[in-house]
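Written out below as structure tokens is the structure these notes cover.
Naming follows writing order (A, B, C, D, E and F), and every chain is counted from residue 1.
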């Protein structure tokens, strides 16, 4: 089985690119692959704990928890990007890690495939 | 003196539109006008307390505090948009209010001019 | 009695960004704005779809099924149910080769009576001319 | 010794979105990636500006003065100071009528020795062909 | 190289597609990129579809926008998220998102 | 109507500008909209500048991107944030952002 690293730079709710990244991760994990997800820039919003699910907003906290529970998925947020937005360590969803940007490049090093979803 | 209502839907840091809205507010207040700012969608990020200033990220918490101190400026975040992103009442910067979207329409009602900066 | 007219103009594609959704939810929030206003004051929104924005109006969105999020179709129907005026630019509808049958023109399935209108851009321009505030998304 | 090549491709305009800035900061973070890798392993980034992205390379950004934020110019110079390879697409430079004199070609003012290179797209295509991973921004 | 391109927008990215060279090229239409498969502007199909490539469209994104497999350009193959995973791991060496 | 338009992008919004009708039209180039004043693509100025309108460019956004008042199209007047406030309150009845 192979490893996919997904880098995501697009915002939560305001862009559906994170929805794509989460659904793709789920499909990959279901096929036995492992997935590293890196969120940077506005995508660090995904790591904010306490997101409430309303039907007018795409809600990703629950699918993310399910992904963490598989053990085949890890997610890491860019620490500086998060802090700049006021997301501190205790604002972070359980299971989410925080690192500097080099973590992403290292994850890409050992990945079979990399999908880098640039900002928008 | 007149009143300007600015509605802003664009993200903090990731889009410079909020920087524009804050600088325009400052210039308007300095000329004696009053400004209502409404942030909705990703722009609710502006209301998050504890934003840290780094030189690689545009930092708006301080200019915002200075605007609040003038007494000619108020800012309100869309409550549902904020909650969906995990920003609760105690995540909110001092001085920032939270209301439902009708607050914005009411602010526009009494405004001399409205600048509605759509999402991106 | 003071009524202020707001023209919400949707020029963006749906979903990828939140822009057209926020236009709809803000327009619909006009239904509860009176609580902030004086007696006799109110707000009258009109929603105009132009350019790529007309693609929001294609019928049959399955966003709830696939992404668990209210579709733009549902938002448009909610607006019609509340008797908001919805204008769709005919020139752009024609440019995309869309027929009225393929567009969200009514909210009959949820009990709405008001219909959307496909109109020449000149009518949308008139709505902009007569509005007090313009809100482009 | 295993070296993996990453091609960061910047195709977006600066500032309005954070995209080109994040490309630069992530490319530069390659300088500290070894801590996560085995001995002899490393990452070699190349940064390519294509399309509208070449406008990031226009000299003289005053973003710090006006907005208190590091300019893209500073990021490009930091990359050159660290000897990262920076390629700028000649066809796009020509399309915008830009001269090398108007572009950020070196980081001499901060002690950098490496220079940016204006190259035909075919060379950028070669960089993409030989890269292990492609990161478009 | 064998390159898989996720095309996520309708109004940007065509200039990148045009210049990209690959021995094997796959273009996967996602997000608002699905309009390249589903919309006909001024009576014609999107110029993106004239690129020498294999075309896919993500059914979830297509249907979310009110289209179905029945009304898209015949050059485009409908795939779901599971298929996309297989395309990534089995069909293309490198993948990009534009 | 007297309409002030903030144009904030370089690659989108031109279609809206084209169709807008106003007795008095002002176009204020901000954000990446400043490239309409500063960039020359294929030797020509932006088609936006051929609209019958008064053009302004925000100096802060122009200079942030490496341009100065000296190298912009002669049809465009340079303004700062204070000037923009006056344009909003004194010169235009309605304002939009595209």
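In this text, a residue touches a chain if its C-beta (ideal position, glycine included) is under 8 Å from a C-beta of that chain, and two chains touch if they have at least 3 such contacts.
Because the structure is predicted, anything quoted here is derived from the model rather than measured.
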*Which chains, if any, touch chain B and chain C both?*
A, F
*Both-way neighbours, i.e. chains that touch chain D and touch chain B*: A, F
*Steps needed, at minimum, to get from chain C to chain E via touching chains?*
1
*With chain centres set to the mean of the C-alpha atoms, which chain is at the far end from chain B?*
E
*Just send me the rotation angle from a CA overlay of chain A on chain B, rounded to the nearest 5 degrees.*
180
_Please tell me whether A-E or C-F has the greater number of C-beta pairs in contact._
A-E
*Quick one: which chain's Cα centre is the longest way from chain A's?*
F
_For chain A paired with chain C, centre-to-centre distance based on mean C-alpha positions, whole Å_ = 33
_Whole-Å gap separating chain D and chain E, where each centre is the average of the chain's CA atoms_ = 28
*How many Å are there between the centre of chain E and the centre of chain F, using C-alpha atoms for each centre?*
35
*Can you list the residues of chain F that touch 2 or more other chains?*
8-9, 11, 31, 60-61, 94-98
*Multi-chain contact residues (two or more partners), chain D*: 15-18, 25, 67, 133-136
*Specify, in ascending order, the residues of chain A that touch 2 or more different other chains.*
13-14, 16-17, 41-42, 56-57, 59, 114, 116, 118-120
*asked:* Thinking of each chain as a vertex joined to the chains it touches, would you call that graph a line, ring, star, complete, or other?
replied: other
*asked:* I'd like to see which chains touch which, written out pair by pair.
replied: A-B, A-C, A-D, A-E, B-C, B-D, B-F, C-E, C-F, D-E, D-F, E-F
_Contact set on chain B toward chain D in their complex_ = 13-17, 19, 55-59, 120
*If you look only at chain A, which of its residues touch chain D in the complex?*
7, 9, 40-42, 100-106, 108-109, 111, 114, 116, 118-120
_Show me the residue ranges of chain F that touch chain D in the complex, using the header's touch definition._
8-11, 31-32, 35, 39-43, 60-61, 63-68
_Of chain F, residues touching chain E in the complex_ = 11-12
*In the complex, go through chain E and note every residue touching chain D.*
1, 3, 15-16, 19-21, 94-98
